Each structure stands twice: as structure tokens, then as C-alpha cells.
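Two complexes follow with chain A in common, the first pairing it with chain B and the second with chain C.
Showing the complex of A and B:
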């Protein structure tokens, strides 16, 4: 077991390194660089940036060097815990991402928890009571949840929130607590703002998981071991929860890997619409303005999240499914 | 869901938004014009006899004076206050002004609202006359070759240190002339390509000296130029800088070794980056400023806060030190939709920047609920949307030939149904127009130029195109190329996500041009790509607006090919020719050359002659149609304004212009809370 985890962890480190190279290369792909987008910005405001000035800026930001040199410099800095300087925000990248990262994790984890809390019981219910009114309702709502683009839902909820409840528009904090230091009042304020984003982000996933749970459980329910358990006189709840549900859980565990980064990157549009101070909108903006180190760091973080997520799901799978354990050792 | 790309998600969203937009547009078409009020604003009192003799201050500053932490108000203001007569009445102190901004690139937001402005000279509220501002006055000498700038006696920086001629000398010698800080000298510090100098005369007098007469200098000091105060300090410009503060970051005063150590400690890549950071009005709260509000929490944080400068030199006619409002709090909006929705919800007190004309019906619907009023401030420039022909396009000789044929350009201009565009996208609030500025603009060449080649005349357009050699058409009715290589297909490049929906309007023009047999391809591109294409001379037609062109001489970039870094260009090779005074690039055709020569000449002649030259420039522009004007004098670019009902001294219409730093031209320091 330990050897298994160790091997996986080693692979993970290698993957992260590969991701860092890819991340850096991808950011260089679009035409131009930060200076180009800076010039465009200046131009739209009526200022002229001359060729010499642009050249000077490129030297100051080290943009003229070959890409591998820039990459090597960045790696060396990361070694010191310095992820570089954000050209657009003119602050160290770690400071810019700082609080946003934690808020992203808070939003992501609550969306994930909400997904499971809703999807598990509903999925079990619709499998056990297949073709009942409850099953049809869950299926109907589930497919709507899958089909509605979540940013649209976000827009509708924002508008309803404003017209019916006079809610503050967007964000995770009330204006007066926006910059306040952490306190119970601020945590409570965050909790009050959390349900809507968590619901919107979790909805599509919930619908999907309901369908998966239902299908898997239906496969298991007809199997002989369930019949045996039932014939031995086990109570119905125990029959279902103890054996087939445990089997049907596998997909839940194996999706942790990509659920984590999906909630971060897939939430970009929702975060934009809802004005959430998370990493998503920051990434989009960094990519547009070609703020290399900021974009690179976020892509790297996403990569690390995927890797960690996969690692977790590997471990969880081994834990809930003895068969995998046996195959591997 | 997961497989759907970001782009297609956005497209769906935009389509839905557009559909909703069209639905409500129909309702609001006729209400638009009624929201445009009378142009009005506060005035600068220049008569020293009318200036107040005693001064009052905000209660919290009075408290600090009592505690001995601040000098008395009269001492802080000095002997020559800058007196502003508020629009309606003398206001009262207190309160916060809430607004929105979109991130560190949005620094113009704060420059416009809260910088005072801190220009040496500035426009009156009509945007037409240049008035004394930070400078007490300008005095012309030596036939326009020298200008004396008189400073206000006893005026101070926000840290209480005196503001004197030394701050000009420091800027000129140690910032402007330092090749590391300012690699390219400013065109605005030069006349006919010859650089001027700035020298100290005495503590309160500065001289700008030029090798040739520079009659335009007062306008240049008033406009959004390189000599216009600390808003431009982030790139080493401005005309003056706080010497006493900045010397500690300059190699000449602390030595290179010491400075390198400081740079490293502060984690900057180079001393230049550190210096420009320290000199940045929006980023560095420590920077001594002259503006009435100063940055308290910088622009690269979620809330950009500005608070009153206790040493503000601005006072009202009753002697109250301005501003009235204590603090300006701009909150970060992750995107424009959120910003607009917050404005609709009444979460902003005064917001103009980033508001979308297309949402006008929703703004109006929520006026009572949000306790605000909607105003429209149409611009004075001729084009909320213009289409530039790239006269230097050379990738396809056939197309290049047509772009350089005046009648081709004119025919295309006649093929646009501007009324349809105005009703659909401007809700009827714009004016179908050529590129020339509003009728009351001093450089407007005359009423006949408004509609010159700017009406819908399909018959005439077809005749003109037939006549120049494009008479043959294919089965679908599109004109064929004269070189026999099939259909004449031209391209327009547009940018998405702007104040004006260029792509959608271009699509409408594409439909309209079918009637004159022209096949237009609309290409929406991302901003950096657009820039790269124009610089590489790959753009054919480009859509943009000509905001700023109402100030022809300080903001010429959308009048003729003036700068390389443009998202739509009339000719990158002409720009090179113009900027290098003929050494590089390509010599323009005679009429374009005439236009450029007249524009250049105007800087060195007295005002009367200059006005005639300005009119001539616009005449040529309208006659030759280097640029097609579509809709102008509309409120699409930052002309939709939402203001709380209980805010006082709010003009019913403002001069909307980047040069006027609107709303800066309405002097927000005189806005106040009635209750």
C-alpha cells in the first residue's frame, strides 16, 4: 500500500514539472507579449508608446530573452518561493493570488460537498424507486440542470436576487466587509454569500452524478449478491447501503481528480458573472493581458490541483474497493 | 457541458444578451433624446479681487489642526487659492462617493474623477476655452518662443512641502532628460520636431522655451498630453514632479550602488521600474500629489480608495477648501456586466465610466428603486463609430488600388443606412454624420460637411462604382474585380467587448453594402492580434471611434495616420513618414500631405490662423473620406451617467471628452451630499 502511494507521489512530482514547462510554453503561444497588450491599452486611451519605449519595457521585463532562459529564471525564483512579479498588477504574484486562492478553495469545496450531498441520496432514491414519480422528477430536474449553461443560471439568479431580495450584486462579501480583516462577522458574511455560487457551480455536476449513481446502482441491484443478502433477511436499507451503494461509489471517487480543477477553471465564466474574487477571473485577465508569470503560476496551480486530486482519488479508490488493492499488490 | 468551449459559451451568452437588448431597445427609442440636458458646469474664478480672503475646512481637518497635527487652513492653501464657483450652490462637507473600476489597467477611471484635474491649465466646462488651473497664469514672450508659467504662492504638495519651480527643473533635468526613464522625448515638448527646455526663473516662475513659436502650448498644457500633470507620471511625463520625495530613488542623488541595494530590497527588477512605481499616482499612496484627492489604498487592490488632500489648493467662492466629499471608494468589478448591474442596483453614487448605452432601458426602469437619475452626455466628436481605410494596404494590389480611389471610398460611405444603425444601436440618441466634430466646435468647417458623403444614396453609390471600373457583377449581384480574379471581397477588422458593438454594426453594414454589390467580410479579432496586424500592414478596413478628435490638435490619432500602435489604422507607412519627418515610410498622396502639413503648421501660429487651419484639416478629411463616419455625437462612449438624486451640483449635461477628463471637467470636487 505504502509503495503504491509512494510510486504515485513520485509520478505526481514528475507530472507537475512537465506541467510547469507546458504552462510556460502555452502562455507564449498567442501573438505579442505583455508589452504589446500594454501598448494596445495605452493606444485606446490616446497615449502613444514609441518603438524605443516598447523596447525599453521589454528589456526591463526581461521579455526579449529566449523562452528557455525566461523559463529557467522563473524556475529558479520558484525555488525561493517567489513566483515572479505580475506585470499588470505590479505586485508579486503570490500576493495577487493570495486571498483569492483560499476563497477559490472555499467555493470549490462547498460546491463539491453540495454536489455529493444532493447527488448521493437522490441517485440512490431514483435507482431503488426506478420509474416512480420521484425518479421521473429527479431525472427531469437532473437533465435541466445538465442542459442549462450555469452562467445563464447565474445571470438569472443575480437578477432575481436584486429584484426580489435586494441582494448585493456579485462578490463574496458585503461592500463594508470587503477589505476588513478576518473576523467572525466577515466569516458569517462569507457564509451568507456562499450558497448561490456553490449551488450554481455544483448544479451541473449534481445532475451528472445523479445519473451516474442511478445507472451504476441499477447495474448492481440485480446482481445475485444483492438477492442473496435480501434472502438472508437483511433489512432493505442495510442491503442497499452496505453492498451495492458501496460498489456504485467508485465513479464518485475517481472523478475527484478532475472535479477539483474543473471547479476552478470551469468556474471562470460563473465567477465573472457573479463577480467572485476567485482565481478564475484573474486567470482570464492574465491570459488576455499576457501577464506571463501570473498566468503561468495559475496554470501551474491548476495542474498541481489535478495531480493532487488524482492522487486522492487513487487512494480513496483503493480504500473503498478491495479489488483494486488486490490487483495492485 | 464540460466539452463546450469557453468561446461557444460566451457566444451563447452574448446572443441571449443581444436578443434581450433588442427587445427592450424598441421601448426606449424615443426616451433617449429627452435625457440630454443643457451643457453646464462650474467655473474658475480668475479675478483675484473676487477670491475669498478667509478659509474654512472639513471638520476632521479642523480637528487635526486643533490637535496641532496640521498647520492652519490658510497656511496650507497659500496666498493664491484656485477658486471654483460651484455649478449651483456652495456645498457641505462629508460623505463617501462610491463607484466601480475594472482593475489596474483602469487607472484613467481615477484620473478622470479625482485628479482635480492637476493640469497647469485646464478647459472651462464648455471644453473650448483654456483657463488657469494649477498655474496662476501663462504669459507669452518672444513671439510665442517662450512661455512664463506663474505658480501659486505658498502652494504645497500633499505632504506639506512647498511646490515650486524646482519641481519643474527636477522633472525636466532628471526625469525627462534621463534616457532610462524617458527613452523617447515627447512630441508635445517640441515644435516642428525641435525640443524645448524648461527652466526655473524664480521660486514661483518657470519658463518653457522653444526654438520656434509654439502658440499651441496653453492647449497642450490643458489637454490629456505628456505635459499634463501627475496622471502621466507613471511613464515619466507630467511637466513637474515632487523633487523632495523622488530624489531618494534617483541615481544622481543617492548613487547607483546605494540605489541598486534599495531596488533589490524592494524586489524590483530595475531602478527604473521602482522609480516609475514610486512616481505612480494610482499605485503609490506615499507619492506627494497636488490633486484634491489622493490614493489611500492603491489601484492594485480590490478597493481603490482616495481621500482628501489636506493641502488641496482648490476652494469654493465662500472659501471652503475643496473637495466637499471626504472619500472616493472605487470597488473592483470582475467584469462589465457586474459593474452595470451594480449601477442599476443603485450601488454607485456617480458612475459614468463603463456604463453600457444598450442597457439604457434597464437603467431607466430602476431609477426610482435605486434612487438615481440617468443623464446622457453625448460627445462632440463626429464618430462613435468610424471605418478607416488602410491606404497603405499592399498585400493585394487590386484592393489597394480601390482603397486609394476617392470615389470608391465615397461610394462605400453612401451605401450605409445610418438611420437604421442609429435606431438599433444608439436607440436614436446619436447623429448620422461624417467624421467632422459637432457644429459648435471651433474647428468645425461648416454645416454642409456634416452630411457630406454621409447620407444613404444607393443609386449614386452604384453609379460611382460602375464608373470607376467596377461595373461587372457576378450571378449573386456582387461586383467583380477588374483583374478578372473573381469577386471583389474586402475585409473589415473589428474588436469585441468595446463600448460600441463594432462587430454587430459591421454585420449590419455588410447587409447594407449588398445593395451596392460590395462583399464585406467581418473579422472580429482580439486586441493584441489587431495591433499586430495593423503594425504589419495587414489590416484592410478597421472599425473604431474617433473620440478625442473634437480636440483636433491635442488628440489627432483618429483624424489622420498619426501613430503606429493603433487597433485600426489609415496607413502605417504614412505614420512612419509623418513621425520621421519624411525619412522613413511612404510619402502620402498630395491631399493627405496637405492635411498633415496644415495640422503641423497650426502649432506655431496664432489662434485665429490656427482655427482656419483646423477647419481646412476637417474639410479635407470630409471630402476625401479617408475615414467613413457612421454615427457621431452619441453617448455610447462613457456618455451614460447614473447619479444619486441627493448629490448636489450635478450638471444636466457635461462636455464628454477624454481631453476634458470627463467628469473631471465638471469638477467633481464641487459635488456634495445634500443630506
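Showing the complex of A and C:
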């Protein structure tokens, strides 16, 4: 078991390394570089950047060097905990991202937890009471949730909150605590603001997971081992939860890996609408202005999140299904 | 046991229907059965004649949309509060998932069935599932239950049971799995074991071993066995009594010798003619039963067997449905030939 986890962790390190190269390559893909977009930006404001200035900027940022040299320099900096300098913000990348990263993780994880807390019981109910009114209701609401774009839902909620309760439900903090240092009051404020974004971000996932849980469980419910469990005289709830639900959880565990980054990258528009201080909008801006180290760092962090998520789901899978453990040894 | 003399199980006019949009499937349509304690009742019949649904109705684990619409299932159980003697309960009246039914299911009536490959959960150890059954019905701590489970596995002939108990089902062979299944079923000393095609999926050698094991355990523990099969050879070897089912009804029930030597119902006779004989001349043809089993949505009126019956009496068999008649000691038959 430990050997299994160890092997997976080692693989994860290699994967992260590969992702870092890929991330760096991806941000180089668009034509031009930061200086090009800087010149364009200046031009739109009426000022002109001379060729000499542009050349100086390129030298200053090391943009003229071959790509592998740039990559190598970046990697060396990361080794020292320095993820590079954001050209647009003129501050170190770590400072720009700052607490946004943790807020992103908090929002993503709460959306994920909310998804599961809602989807698992509803999915189980839908399967066990197939074709009941409750099942049809869950299906109906589920498909609505799947079909409505979540930024639209965010707009509707903002509008309703504003017109009916005169409350501003955007953001993660009250205005007075926006830039305050961390305190219990600020944590509490965050918790109070969290449910709405978590709900909006988790809704589509919830709808999808309800359908997955229902389908999985329906497959399992007819299996002979369920009859065996029932014929022992176990109470029905225990029959269902201990046996078929456990089997039906399997695909859930395997999706942990990509659900986390999906929520982060899928949340850009919602974050813009709701004014959430997460990395999503930051990534968008960095990509537009070709702020390469900032964009690269965010892409790298998303990759690391995927890898960590996959590692977690590998471990959870082994715990749920001991057959995997046996195959491996 | 004090139960001898009175039937352990008495099923009367049991009807289990599956009501669906496409129509009602009358899987069990008026079954009458009698079973004595310690006896082995073989239930034979073609696929789809309602053998398994009858068994599941007795255990009250019929899957939706199936449900018992009529009939009684009288089961004799030891008197409550530790008194002597026994009392009969009508299982058909109990709540399927109620406390009383669950205290009978698994403890007094146990089930083993066909698929030894998938009848254990693939992700729980065999021991976990046996111990669960033991602790559900008995006041015993985890370690005691584990000891008991190992003992049960040893009794059913599983070698090195103290290691096997922690294995997963797919690490055991089909035969071992069925043995483990029997160990689990018998771990609470039931008075009735329902074995639904217990050997169908096993090879012939293993099949004989499993049947031998069941017979031996029956002698030791004194339980009754309801053996559901379509294999008349297994019936001849194991059963004391036989019930022959056709389209959701018991058409004939009799002691095993009477079934094989003086079958009364035309269906029983046809069934016996259709099995190969050891001393048959070479190239002798088998006699199949004419026609096919009717579609479940389209059951014939009157006696369900009349379209295929060689002794069909027009005007009688296609109008009314014959009830069980006693034609000998413990021998009943549902046919107008004997009315």
C-alpha cells in the first residue's frame, strides 16, 4: 500500500515537471510577446514606444533569449521560491497571486463539497426510488441546472439579491473587510459570503453528478450481492449504503482529479460577474496582455492542482476498491 | 425439534405479480406448497415458471415492481420469549423490511443462489460479510463472530479458513465461493434453507461435492431445504418431496418416489419423458414437450398447461382452472383428470 502511494507520488513529481515545460511552451504560443502587446496598449493611449525602448524592454525581461534559456532561468527562480516578475503589474508574481490562490482553493473546494453533499443523496434517492415523483423532480431540476450557464445564474441571483433584499451578494468579503488583515472576523465574513458562489459554481456539477450517481447505482442495485445482503436480514438502508453505493462511488473518486481545476478554470466568467478575488480573472488578463510569468505560474498551479487531485483520487480509489491494490502487487 | 408433525412452511394460493405499463406478469399465480421440518423439498420447472419468485416471495425480497397480491405464507418459528413449542406467522402479512421479517430473514430462513461469481460483494472480504450476518442476529462480539465464521468455513470444507476469511470473493474459486455462501447462510442455524439453483453454475464434480455438503450439513443441523432446480437428477439425489411448477403454479406435489414412479400430472409425465435415460438404446430420440412456454403477458385461460397437454379435454381444461386434489399420501395434483 505504501509502495503504491510512493510510486504514485514519484510519478506525480515527474508529471509536474512535464507540466511546467508545457505551461511555459503554451504561453509562448501566441504571436508576439509582452512588449508587442505593451506597444499596442501604449499606441491605443496615444503614446509611441520607440524601437530602442522596445529593445531595452526585451533585454530587461530577457525576451530575446532562446526559449529553453528562458525556461531554465524561470525554473532556477522557482527553485528559490520566486515565480518571476509580472510585467503588467510590475510586481513579483507571488505577490500578485498572493491570497487569491488560497481563496480560489477555498471557493473550489467548497463548490466541490457542496456538489457532493447535494448530489450523492439526491442521486441515491433517485435510483432507489426510480420513476417516483421525487426522481422526476430531481431529474427535471438537474437538467435545468445543467442547461443554465452558471454566469447567467450568477447575474440572476445578483439582480434578485439587489432588487429584493437590497443586498450586494458579489465578492467574498464585505467592503470594510476587503483589504483588512486576516482575523476571525474576516474568516467569518468569508464563510458568510461563500455559499452563493459555491452554489453557483457547483450547480452544473451537481446536476451531472446526480445523473452519474443514479445511473451507477441503478446498475448495481440489480446485482446478486445486493440480494445476498438483503437476504441476510440487513435493514434496507444499510443494504444500500454498504454495498451498491460503495460500488457506485467508484467513478466519483476517479473524477476528483480533474474536478478541482475544472472548477477553477470554469469559474472565470462567474468570478468576473460576482467579483470574486480568485485567480481565474487574473489568468484571463495575464493571457491577454501576454504577461508570461504570471500566466505561466497560474497554468502551472492549475496543473499541480490536477496532479494533487489525481493523487488523492488514486488513494481514495484504493481505499474504496481493494481489488486495485491486489492487482498492483 | 418440536416442529415435526406440523408443516414448517405452508404456502397457500400465493400470487406475486409484476405490474408494469406493458402489462401484468403473473410470475407466481396461485402456488400451494407444504414443507415439513428437516425435509428436502425439490421445486422443478422450466425457466420462467416462477420458482425463484416463489422463493423470494417467501423471503419477502421480491424486487419492485413485483409484489404479493394474494395468498398466505405460514412459517412455523420457535415461540417468542423463549417459550417452548412454536407459533406460525403469515409472512405475507409482514412488512417486507419490518423488524419481524428481518429477524426471520437470514436467521430462520436463509438463501443461497445461483451466481457464486457475483453473490459476494467484490470489495468486502468474505469474512466481513459472514461476520456481518452473524452479528446481525446474535449477541456476540466481533472476535467471537470471527471465530464462529472461521468455524463455519471449516465446516463447509474451506481449507485454511483463518486465511481465506480475509480474502475477497474473486480470490476464491466458484466452488469455494459457493461453500462460503453456504457457510454464511448456515451461520445463524436457520430452520429453512432455500437453495435457488445452487449448483447450476458449477462444473459437475464441484456440483456433486456441494450437494453432498448440503446433505451432510442438513443431517448435522436438521434444517429443511427448499431446493430449486431444473435438474431432475439433482432432485432424485437430494429431495424427499417434489413440487412441479408450471407457469406460476404448483401442478403436482408428492414424495420423490411417487413423482418418479407414478407421476400423475400430464406435465410431470412429459417432463420425465424428456430427460435422457442411462439405459436408453443408442440413437433413441428424446421426447420433447410439445409447444413452447406461453409468453408471460399472454397466459392461456383455464389450466395453464392445456395448449400443450396430450390429455386436453375441450370445454373443461380451457375454461376452468383445476385446484389441488389429494390423490395419495402427501400427493396432490391440480388436473381435471383426477377431479
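FYI, the second predicted complex is superposed on the first by the 328 of 329 C-alpha atoms of A that agree within 3 Å, B and C clash if a C-alpha of one lies under 4 Å from a C-alpha of the other, contacts with A are read in each partner's own complex, and residues count from 1 in each chain.
Keep this in mind: a contact is a pair of C-beta atoms (placed from the backbone, for glycine too) under 8 Å apart; a residue touches a chain by one contact, two chains touch by 3 or more.
Being a predicted model, the structure only gives us computed values, none of them experimental.
After superposition onto chain A, partners chain B and chain C are found to sit side by side with no clash.
In the overlay built on the shared chain, the residue A:89 is in contact with chain B alone; chain C does not reach it. By the touch criterion defined above, A:320 reaches chain C but does not reach chain B.
When the shared chain is aligned, chain C comes close enough to touch A:247, but chain B does not. Of the two partner chains placed by superposition, A:81 touches none, neither chain B nor chain C.
In the superposed model, A:181 lies in contact with neither chain B nor chain C.
In the superposition on chain A, A:229 contacts chain C only, with no contact to chain B. Closest C-alpha contact of chain B with chain C, superposed model: 32 Å. No residue of chain A is contacted both by chain B in one complex and by chain C in the other.
For chain A in complex with chain C, the residues that touch the partner chain are 222-225, 227-236, 242-243, 246-247, 320-323, 326. Residue ranges on chain B touching chain A, taken from their complex, read 1-2, 4, 6, 9-10, 12-13, 16, 98, 103-105, 108, 180, 183-184, 187, 224, 232, 235, 267, 269-270, 272-273, 277, 283, 297, 300-303, 331-335, 337-338, 341-342, 344-345, 347, 526-532, 548, 555, 557, 563-567, 658.
The touching residues of chain C, when paired with chain A in their complex, are 59, 61, 63, 97, 101-107, 110-111, 113-115, 118-124, 129, 132-133, 136-137, 168, 170-171, 181, 184. Chain A meets chain B in the complex at residues 30-32, 36-37, 39-53, 55-56, 60-62, 82, 85, 88-92, 96, 146, 149-152, 155, 158-159, 162, 168-170, 175, 178-179, 204, 262, 266, 268-269, 271-277, 281, 285, 288-290.
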